[in-house]
Amino acid sequence: MIIIMENNATDDQIQQIYERLIDQGFDIHRSTGTTHTVLGVVGKTDSVDIRDYEILEGVHEVIRISEPYKLASRTFHPEDTIVKVGNAEIGSNKIVLMAGPCAIESREQIRKIAKMLNGTGTTILRGGAYKPRTSPYSFQGLGEEGLKYMREAADENGLAVVSEVMDRMDIIPALKYVDIIQVGARNMQNFTLLKELGKVDKPILLKRGMSATLKELLMAAEYIMSGGNHNIILCERGIRTFETYTRNTFDISAFPVLKELTHLPIIADPSHGIGIRNKVAPLARAAVAAGADGLIIEVHYDPDQAASDGAQTLYLDQYEKLVKEIDIIATAVNRTI
Amino acid sequence: MIIIMENNATDDQIQQIYERLIDQGFDIHRSTGTTHTVLGVVGKTDSVDIRDYEILEGVHEVIRISEPYKLASRTFHPEDTIVKVGNAEIGSNKIVLMAGPCAIESREQIRKIAKMLNGTGTTILRGGAYKPRTSPYSFQGLGEEGLKYMREAADENGLAVVSEVMDRMDIIPALKYVDIIQVGARNMQNFTLLKELGKVDKPILLKRGMSATLKELLMAAEYIMSGGNHNIILCERGIRTFETYTRNTFDISAFPVLKELTHLPIIADPSHGIGIRNKVAPLARAAVAAGADGLIIEVHYDPDQAASDGAQTLYLDQYEKLVKEIDIIATAVNRTI
Amino acid sequence: MIIIMENNATDDQIQQIYERLIDQGFDIHRSTGTTHTVLGVVGKTDSVDIRDYEILEGVHEVIRISEPYKLASRTFHPEDTIVKVGNAEIGSNKIVLMAGPCAIESREQIRKIAKMLNGTGTTILRGGAYKPRTSPYSFQGLGEEGLKYMREAADENGLAVVSEVMDRMDIIPALKYVDIIQVGARNMQNFTLLKELGKVDKPILLKRGMSATLKELLMAAEYIMSGGNHNIILCERGIRTFETYTRNTFDISAFPVLKELTHLPIIADPSHGIGIRNKVAPLARAAVAAGADGLIIEVHYDPDQAASDGAQTLYLDQYEKLVKEIDIIATAVNRTI
Amino acid sequence: MIIIMENNATDDQIQQIYERLIDQGFDIHRSTGTTHTVLGVVGKTDSVDIRDYEILEGVHEVIRISEPYKLASRTFHPEDTIVKVGNAEIGSNKIVLMAGPCAIESREQIRKIAKMLNGTGTTILRGGAYKPRTSPYSFQGLGEEGLKYMREAADENGLAVVSEVMDRMDIIPALKYVDIIQVGARNMQNFTLLKELGKVDKPILLKRGMSATLKELLMAAEYIMSGGNHNIILCERGIRTFETYTRNTFDISAFPVLKELTHLPIIADPSHGIGIRNKVAPLARAAVAAGADGLIIEVHYDPDQAASDGAQTLYLDQYEKLVKEIDIIATAVNRTI
């Protein structure tokens, strides 16, 4: 931590900061320049609220040098983390395809979709059992029953399963049926849930919150990792901006930026990233071109009859066409699918 | 719901939309203009995902006429809702003051603060027992023990109590000790939690999410209200923007806008709205001048030693000075404290 | 234009709106539903400020049906516009490459760069003569002298030239030396400048403003087009969001969305879109994968010594490697370079 | 400027940075900690693009200590600047009222409005002669003729005049008729214009750009001031966010924050800040409660017939009522009107 004093800071002011720092057990290196005095603070400054120093008299600015996340940081873990689930290796040279309906609607529906995905290169089946709908009057999901159907459908087709939990109480059933536990965008900073998932022995797919910075996404990953679970897959799905034509603004920079900051794999959710069916493929292609490790896409045999998010769900033939395009783009970035 | 067709939409396209609408049980009024055909859709369109129609061939735009919230809307409930808690009437002509520490740190601390607030005009004691900190390495709160201390401290001083729950599992203990249950900004769209709070017989203080629109805030209130609990207090606490000098941008427009859209009371949290102690008072004054029904403010006898958020917590004398200023401003908007 | 009345609007209120509309020369279709009365307004409503009706008593909402832009809209001009400049056809099946330094620094510099770009597939040379720097203390460009150097350098290598003007007074010199006149992000809504450019017989490269919606970008294009100049190239270069790791958030959705809304070509400026050299290539690849018609990229033989924007400027070999990757990605979207 | 090295930076990497810094004429203080080496850079670092160092190998982060603005900074000019215009002292203890129509529509209109404002406490007449409308099909202003009418109307009523210029070419006529030259939000970073205004002997009213940070607003002021004109009045008028109910989000924090950062006066434009007539007064009151030095408000004798922005323009009686409320609020912040 570095404290930069105002150019007219008094000795008394500097002395008071010294005392507070020493009180908290920190060492200080003082460097006096022509305009500013700068204090270098050494010690465990991670849990300091830097505003506590910023508001002191004579302080110009306080800067945290070390990132507040360690386990997620590439600095301390230079090699890529590869999360292995079923036949998939997320974060490897192979781009991983996750696909399925927004919501599990029935045993028949999910089995039909799982079968249909067989042979497309998809290795992970997605589908929601607990649906956090913005309207209290909408379909709310099949719950544990849905998870059971999805497990069966996946097993019949050699797929792994990813599904979302809403809070701590959903973890127990999820552990029985699911290979990857998903944390939705609205729960990215549900620290009570994150802490619990740190104790779990399953990979976590962590979606970026709608207004979360990349640093906050990494902090959320750190939260889980600090509990002992290091198998985290990050997921970009769009952030909120002033643009109104699209629901969210898919942050394509997230891929090169996160690749530099962290060793964790990062995948793209273009379906939620744009929310309109005929624009899902361009975003999916762009994500792979920018370095995404995988895609999670909503696919249904009859999107127009889907119980939720039909408007952003691909028809099978659209998905198959997309996979072919991804196959070409993968070679441009030295990868395969 | 209104469907506006493209100016070159074909009869076939219109026919297909007709069929889909009739399938779903809607009535249609068709109006053919010189450039556009417009379809007025009558029936229970609340749970329609308008994108399902927007993506159909020949459709230019789909507009939802009715707001997706009803119970929270002033249209159907023109008189102001007044939430009565202890001696406070939130939403009445009297501006309500809620104050206290960020976190309950000990029995002594919360008793000392409650006593100190006696005589300031404050009627509701705030304090956190479950602390959702962004860093997993920070103080996490006293839990139920803290709630017990706060109840005792409040009772000794004739105050009511407001405190936050993190998820469904925290509701049971909260019901024992708390008068108003707070839903934090990060949980504004935790629909699992909101649904549960709809069944509770205590007022809910619902904070606006960091990237939530006012419509979404009202939808979240609707979620709770649809479960039967109509005692909701809305709270503006700042939204995320590109401005970096302040943590959040306090949306002062929220007060006049929400007063028009809803009958629910709306209060201000200037402490989180700006996050810097010496700027809390200007924001608090502004909120009252703009029409806020109350304030929730972090106050501590020794903010510099507070376990969390000390940098945005007021000293008692700062708070007392603020209350005097608010008292003057209240008269400018025909209110009292 | 459609006016939706409140569900409790009175006949008097509706009558007043009728009178106002008839005063302004509009025809009205009235449709009375069970809950809402809806007025369809027919006539030249383009220049109506819809807020004038929104604030009237009894009005729930006013919706503009027709887009406020016509000349730029694909509805009225379904075929793609192709802007021909030198050997380049922007908007055709061929992805166009524009490259060069941020600023023209000297005759030698720009000649050296133009020569270096020969054989890379680049057809248009970029370079700034008037530099709108955020600090008044930075290098401000060579002005007309710089344009002369760039023209010479381009001619020696069979390239066309694109360069930015700052205001109306820069147009005359630009006309002498430049093939495409660029309007920078900060000038996207400089309507005085746009109007003047409507009279010019050169293509315009119009950059999206930092906080402009796509609709506003199209409105700015309309401004120029309404003056008679229909050769507009749109350019996505990132918008401002709360994310701080990158300067701007490159809006990758702009490509599929604009392709639907307009017939004008749309290119990408990944250099400004991210502002960090080693992340320019991922963004450039993503833009092409998402449907961009071309790229404008900062390239220099010695970026570290560049007078401005060196940090986001590519080395020649980085640029050549990128062109090869783009070549592969182009095939995935049925295009060539 | 401070350069923080990666914790695994090599001596070679540090050596290269040394050489580059010395090349550019800077002195360096090196401080070696247990984890990070920190380089303090001394010299004229204002015009350095810090990204040039951020992209070097082994660099973790580069921090600019000194603000990039000096003339506008309170650090170097602790006393408040008071801009004197006619009878008004902007930045003094007295809150200054500026009012008038959006656009000057005719000689009669502006004379009638000026007369009507007489006795309301207003000292400065506002009105636009050059109208930068977003639609090319809207009313574009009376130009110099309008300025002449406004001057006459102001003189008849003892008022001063503020009006906007669009680019460099409008400055000459403005100098003849106007007391304060306004720079609109869209021109806040029109550096060509700002530079020219630095040479002018009239106060400048500088509006914050729609997506400008407060730092950028101060940088724009610095641009003008560096040319010699130190009479700048800053103006908050709302920034763009994801909220759609209001046109802009009025940043109420701007007042306390700017008061701390700069000695320049700061006023509020609530009319553009919210864009809806019945919400202008709450915002105006809030601005004064938060510390604004003045207000600029759109007022017209017949807003419904105004040529532009009628929906956000106050009736005279609304304005008079607002002035009375402001009078009360002023006492709460120890000021008068």
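The first chain written gets the first letter, and so on, giving A, B, C and D; residue counts start at 1 in each chain.
Heads up, the rule we're going with is that contacts are C-beta pairs under 8 Å (C-beta built on N, C-alpha and C of every residue); 3 or more make two chains touch, one makes a residue touch a chain.
Owing to the predicted nature of the structure, the values given are computational and were not obtained by experimental measurement.
Peer 1: Would you say B-C or C-D is joined by more C-beta pairs in contact?
Peer 2: C-D
Peer 1: Using C-alpha centres only, name the chain that sits farthest from chain D.
Peer 2: So the chain farthest away from chain D turns out to be A.
Peer 1: Where the centres are mean C-alpha positions, what is the separation of chain C from chain D, in Å?
Peer 2: Chain centres of chain C and chain D, defined by C-alpha means, are spaced 26 Å apart.
Peer 1: Taking the mean of the C-alpha atoms as each chain's centre, how many Å separate chain A from chain C?
Peer 2: 31
Peer 1: Once you find the CA centre of chain B and the CA centre of chain C, what distance in Å lies between them?
Peer 2: The separation of the two C-alpha centroids amounts to 38 Å.
Peer 1: Please output the residue numbers of chain B that touch at least 2 other chains, ranges allowed.
Peer 2: 211, 240-242, 244, 278
Peer 1: In the complex of these two chains, what residues of chain D are touching chain C?
Peer 2: Touching chain C: residues 46-47, 49, 51-52, 54-55, 68, 130, 132-138, 166-169, 186-187, 189-195, 209-211, 216, 219, 222-223, 226-227, 240, 275-278, 304, 308-312 of chain D.
Peer 1: Within their complex, state which residues of chain C touch chain B.
Peer 2: 2, 4, 6-8, 29, 31, 33-36, 38, 40, 42, 60-61, 63, 65-66, 75, 240-242, 244
Peer 1: Can you list the chain D residues touching chain B in their complex?
Peer 2: Contacts found on chain D: 211, 213-215, 239, 241-246, 249-253, 255-257, 261, 273-274, 278-279, 282-283, 285-291, 325-326, 328-329, 331-333.
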